[in-house]
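For reference, the structures are reproduced in the following blocks.
First chain A sits with chain B, and in the next complex the same chain sits with chain C.
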Partner chain A sequence: MKISKRLYSYYMVWPALLIYSLFFVLPTIIGLFYSFTDWRLDRTELHFNGWTNFKTIFSDSTLLLALKNTVIFAVVTVIGKNVIGIALAVALNMKLKTRNGLRAIFYSPSILSIMVISIVFTPMLRSDGTINKLFEAVGLGSLSQAWLTDPAIVIFTIAAVSIWQTAGFQMAIYLAGLQSISKEYYEAATIDGAGSWKSFVNITLPLLLPAININVMLTLIGGLKVFSEVFVLTGGGPGNASQVVGTIILRSFGEGSWGLGTAVNTLLFVAVTIISIPLLMFMRRKEVTE
Partner chain B sequence: MHRKTKQVSAAVLATALAVSLSACGSDSGSDSGAAEGSSPAGGKGGKVTIELAISKASQDSAFVNEELLKKFEDETNIHVNLQLLPSEQITTVLQTKLAVGETPDIVQYNLASAVTDLNLERNFEILDNEPWVGRVLNKDVLSANGHVYGFHVSQDTGMQGVVYNKDIFKELGLSIPKTYEEFLAVCEQIKAKGITPLFMPFKDQWATNIWVSAALADYADKNDPTLFNDLNANKKQWNEIPQLEAIIDQQYQLYKKGYTNADVLSDSYDMAVGKFLNKEVAMMFMGDWLIQDVETKDPNVHLGLFPIPYADNVKMGASPLGGQLFIPKQAKHMAEAKKFLEFLGSKDVAQQIVTEQKYVSNLSDVQTPELPEYKQEIVDNYITPKKTVITMEGYLQVDMSEMYRSFQDVYAGGKSPKEALDAWNVKFHQLMKDKGVAGF
Partner chain C sequence: MNATLRKSWRTYLVEIVMLLGSLIVLLPILIMVLGSFKTSAEVLDFSLKLPKEWLFSNYQKVYEEGNLLRAFLNGILITGVSSIVNIVTTSAASFVLVRRESRLSNALYLFFFMGLIAPMSTITTIRVVQWLGFYGSITSVILIYAALNTAFSVFLYNGFIKSIPKALDEVAFLEGAGMFSVFFRIIIPLIVPVNATVAIMVFMSVWNDITIPIYFLTDSSDWTMPLSVYNFYGKYSRDWNLIFADLVLTSLPVFILYLFAQKYIVGGLTAGAVKG
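And now, the complex of A and B:
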């Protein structure tokens, strides 16, 4: 009787839950099952093989390199996208004549397809490309690099392209956060003699925490799941120098090692969960309310 | 009321799950499959529709020419429906279709990849007893493990060697190099004229392998006939073949000596046609399909092909033939699919295809037409005197891209040829072991 008084019944959740279970939960559980099998293109029968797939992952140097690259990519992009995102948001929250135009410009790369970005960046990043020519023109020739073909720096190059693409999107979320901060705080701080840096650290940052949380989570999960940037810019090359977990999964399936591919996918799923849930809870606790 | 809603919801959920699960598990039921497959055939009485899966890149294939399909339909009342699959996904899509038993009736693919990607033996029908097989001149290009699996009217498998610009060679008074030393000298002379001697588009991993694949096949053919069998049986290791290391190093030295484009790992194969059209480059390790692509764009550019000059007197590398038609074992209309191959292989139809496509005929009663100059040279100098050897890929059973990646590592400055082969040997073992090959 109590329930019927409510506006919507609790059971309205069923359709959504059903679809979610069918197309996400169920496949994930099935995937978990397959990651403990020797499922392969050329096998008619499946056998459970215990932890074999996971042992393979941790004994294969390419897979370890891919894990390392994924972590590097995630860390670099989380820092880059958020620091640049906040900086842009703070700058474009000021009263500038060109404010709206600049906001649109910085946001625009994030609506471009990564394919388009790859076609634009690939020739620029060649060793005889625009970026190196620019360095040479201003006398910094020593900084020029084989951006996409030097195994030591290729993953950082891809991270930089990714930062360039989506920092504007992070900026948009930070701008929304900034606008919800009341001007009164800044006025009071100015009266108390705080400079702009002090008010940024003591007012802007704490009150921006909800936006920071959501952005860090988004960029972290996006970073760990990175695929398309690497796939279109280098295909994981040269050699395997820029392989990440996402491209390794594709490679495993291409080789017909479906069980192994599923195992890598499961590992990625577990890693994303283990890292993001505690981080989310930790950051939630730090949030303050006005 | 509360309880009732709960029960209903649970029932709905259970039904939905059951439906979805049973849909996933329909691979064994060939009956249900047949019912599905024949439904589009409905329409006119007695007409059967067969499904032919082909990659989008091959949609101009002579076998699926519209008039030809119409003629077949008029004669036999069998309609051929084309399933165009995205080229970059065709392998995955076909693997999935084969795994769940929703197979097309005919598939166009290439034989060597069908062995490594599609599990040829398990999934495809042996065609040894088809009527057209008796007239096939070169059964090898259609066979695996001693059985004919594929259908094609051409026996020209595409040759791999050094594509070179004849005009540049003529201008500079150069002749085809017969040894590695002569090849270096030719490169030096071309470079002196300000033309890049060699184009290496090694952003595409597979391109790193043309030199190695043809050279190793020739080496094995002459000096170590059991090499590939030994590798496949784990009696020999990839990193224990000094000659292979030398072959890899020979190609690397060409880059080191500055005979190539500067940024080999940034340049990709799709740039090759343009480079040849603009006469920016004189040579490239590639298949003769490149020559056709260039000469279609500009008939005034004259290209030719010579064998990989890693040693003296080398045979021309022959790629495993591509674009064959295969019939999956689980085809719903097996008889009709076989009839289609019979139709394509009949004398008149085959002659028409061979003439139009300028193929080297593989049927005893079908005449090879007049070929383009470069192709005729290859036929006269290499195919007819049997101076060809199937390239490395033709002998191996697993995906080779990891080997090509190791070769890229040599150019990225990270690895010596020996280290590249060490890495590949480990991967090869894993792939063979996963595949369940005896000895691994």
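And now, the complex of A and C:
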């Protein structure tokens, strides 16, 4: 006996749809429109100014540097969080005595606020800070750096702090993925004489692909949206050496150049959306095969 | 025999490497916790040395001067209400979207799903909130958080409600129940674990966030703990012992929540991420 689907009324969708549309979708849509205007704090009237804002972005050296830093941050954190995340997951999926405690320790930084983490790291990353002292103590004094004040490395330092914080979160997703792989595959491989590296490359990695895909997308999208780490650790400095898209938007907002800030936001929106389409297609395909 | 021996050696080696690795994670956290009990001179070496004398008075001082109770209550209000609004609206929406199985419901699901990916447009959100006349208020922040987390929650509920057999609804409908009573009597009791997962994930991300308060809370008396700690950090930049104590107090609520709710977090990750 079939019941009519009409019994499920769309009334129940309305509240979520309303909140989401009003406070997320509507600002995004008017943002596309405002990106092409001279919207400023001191203007009472808006004028279309075509591609002017985007031309400004691509000719201003600070804004270009912010775009470059955002990409560097995203790429470095994607690689770091996922390589370390997989390594931790594989190691902590073995029968270690301290396994549960270690899992909890590695996961724990990801529950803390980026604000807390960044403030804790600030004194440690100074030239005379804990990290340089540790290098000196083990005879690697030449590795000492001015972590947060050298313009050439500051964005990598911020990326490293971010990796430190959330590699354990990626680990948790990879662990869930590893636990869904049947042990029989490994037994068969051992009988065929495959070593552990071969098993890892031929069994673990391919079967972990759904988790890898989701984690890479999560870290990539999160990396492009980076803001809080930079805001607290350097505020975009020294000079403008560690500005990213997120801090530029705040700066434009503070300066009252709202049209320009919105254009930067639109650029981020377009980049993230283009990158994410493969994820959507992958997940839809997975739904079909299930 | 030889193979198992080699295997156990390798397990020991991995265990030692992992224990050493965990020090990298523990070191900054221990420096923070130990430093919070030191004097303002002693803390400056930022090391793992135990405090000569455990100064619990640092915590008292921070509590009095950091306006922490106010920030804590602001955080509870903002996080609590936005989590509840989020859970009520998204579980109801997901229920209908999953059961309808129509072109429109699929399109709406995708529409919500886009929110998982797209970055928010901050400056124009301020504009919308100004049009509505409540820019700077806690209400605006609550609604923005509810909106920002809609996509994630619909995604989690969607996966879970799909696994509840439709036959349960059908029996109730045949006995004359309406949609609301099916939702409240059948679906709600079955999705209690997902509710917990969504509540905890939303709670943690909202509690820890600083971006939205920076843009939307213009009055510092409305600030939440992570932002007020930043304020404190600016004001007391010489007293690292007090800063550390403030950081520990700011982290305590989420840490306690994590201890009690661990299984829901892991459950949520598994359900959402791996099963898809």
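Here is the rule we go by: the second predicted complex is superposed on the first by the 259 of 290 C-alpha atoms of A that agree within 3 Å, B and C clash if a C-alpha of one lies under 4 Å from a C-alpha of the other, contacts with A are read in each partner's own complex, and residues count from 1 in each chain.
In this section, a contact is a pair of C-beta atoms (placed from the backbone, for glycine too) under 8 Å apart; a residue touches a chain by one contact, two chains touch by 3 or more.
Model, not experiment: these values are computed from the prediction.
Undergrad: Going by the contact rule set out at the top, does A:V232 touch chain B (first), chain C (second), both, or neither?
TA: Only chain C is touched by A:V232; chain B is not.
Undergrad: Which partner, chain B or chain C, is in contact with more residues of chain A?
TA: Of chain B and chain C, the partner in contact with more residues of chain A is C.
Undergrad: Once the shared chain is lined up, is A:L26 touching chain B (first), chain C (second), both, or neither of them?
TA: Touch status of A:L26: both partners.
Undergrad: Applying the document's definition of touch, where does A:A241 land relative to chain B and chain C: first, second, both, or neither?
TA: first
Undergrad: In the superposed arrangement, which partner chain does A:F253 touch: chain B (first), chain C (second), both, or neither?
TA: In the superposed model, A:F253 contacts both chain B and chain C.
Undergrad: Under the stated touch criterion, which partner chain does A:M124 make contact with: chain B (first), chain C (second), both, or neither?
TA: second
Undergrad: Looking at A:T262 after the superposition, I want to know if it touches chain B, chain C, both of them or none. Which is it: first, second, both, neither?
TA: Once the two structures are laid over each other on A, A:T262 reaches chain C alone.
Undergrad: With both complexes superposed on chain A, which partner does A:L41 reach: first (chain B), second (chain C), both or neither?
TA: Only chain B is touched by A:L41; chain C is not.
Undergrad: What is the contact status of A:L148 with respect to chain B (first) and chain C (second): first, second, both, or neither?
TA: So A:L148 only meets chain B here.
Undergrad: Indicate the residue numbers of chain A shared between its chain B interface and its chain C interface, in ascending order.
TA: Residues 3, 9, 22, 26, 253 of chain A touch both chain B and chain C.
Undergrad: Chain A touches which residues of chain C in the complex?
TA: 11, 14-15, 17-19, 21-22, 24-29, 31-32, 46-47, 85, 88-90, 92-93, 95-97, 99-102, 108, 111-113, 115, 117-129, 143-144, 146-148, 150-151, 154, 169-170, 173-174, 179, 183, 204, 207-211, 214-215, 225-227, 229-230, 233, 240, 243-244, 247, 250-251, 254-255, 258, 262, 265-266, 269-270, 273-274, 276
Undergrad: What part of chain B is in contact with chain A in the complex they form?
TA: These residues of chain B touch chain A: 1-2, 5-6, 9, 12-13, 16-17, 20, 91-92, 95, 99, 117-119, 122, 203, 205, 262-263, 265-266, 398-399, 401-402, 405-406, 408-409, 411-415, 423, 427, 430-431, 434-436.
Undergrad: If we count contacts the way the header does, which residues on chain A are in touch with chain C in the complex?
TA: Of all residues in chain A, those touching chain C are 1, 3, 5, 7-10, 12-13, 15-17, 19-20, 22-28, 30-31, 34, 88, 91-92, 94-98, 102, 104-106, 108-109, 111-117, 119-121, 123-124, 129-130, 164, 168, 172-173, 176-177, 180, 210-211, 214-215, 221, 224-225, 227-228, 231-232, 246, 249-250, 252-253, 258, 261-262, 265-266, 268-269, 272-273, 276, 279-280, 283, 286-287, 290.
Undergrad: List the residues on chain A that touch chain B in their complex, please.
TA: 3-4, 9, 11, 14, 18, 21-22, 26, 38, 40-44, 56, 60-62, 122, 126-128, 146, 148-151, 235-241, 251, 253-257, 260
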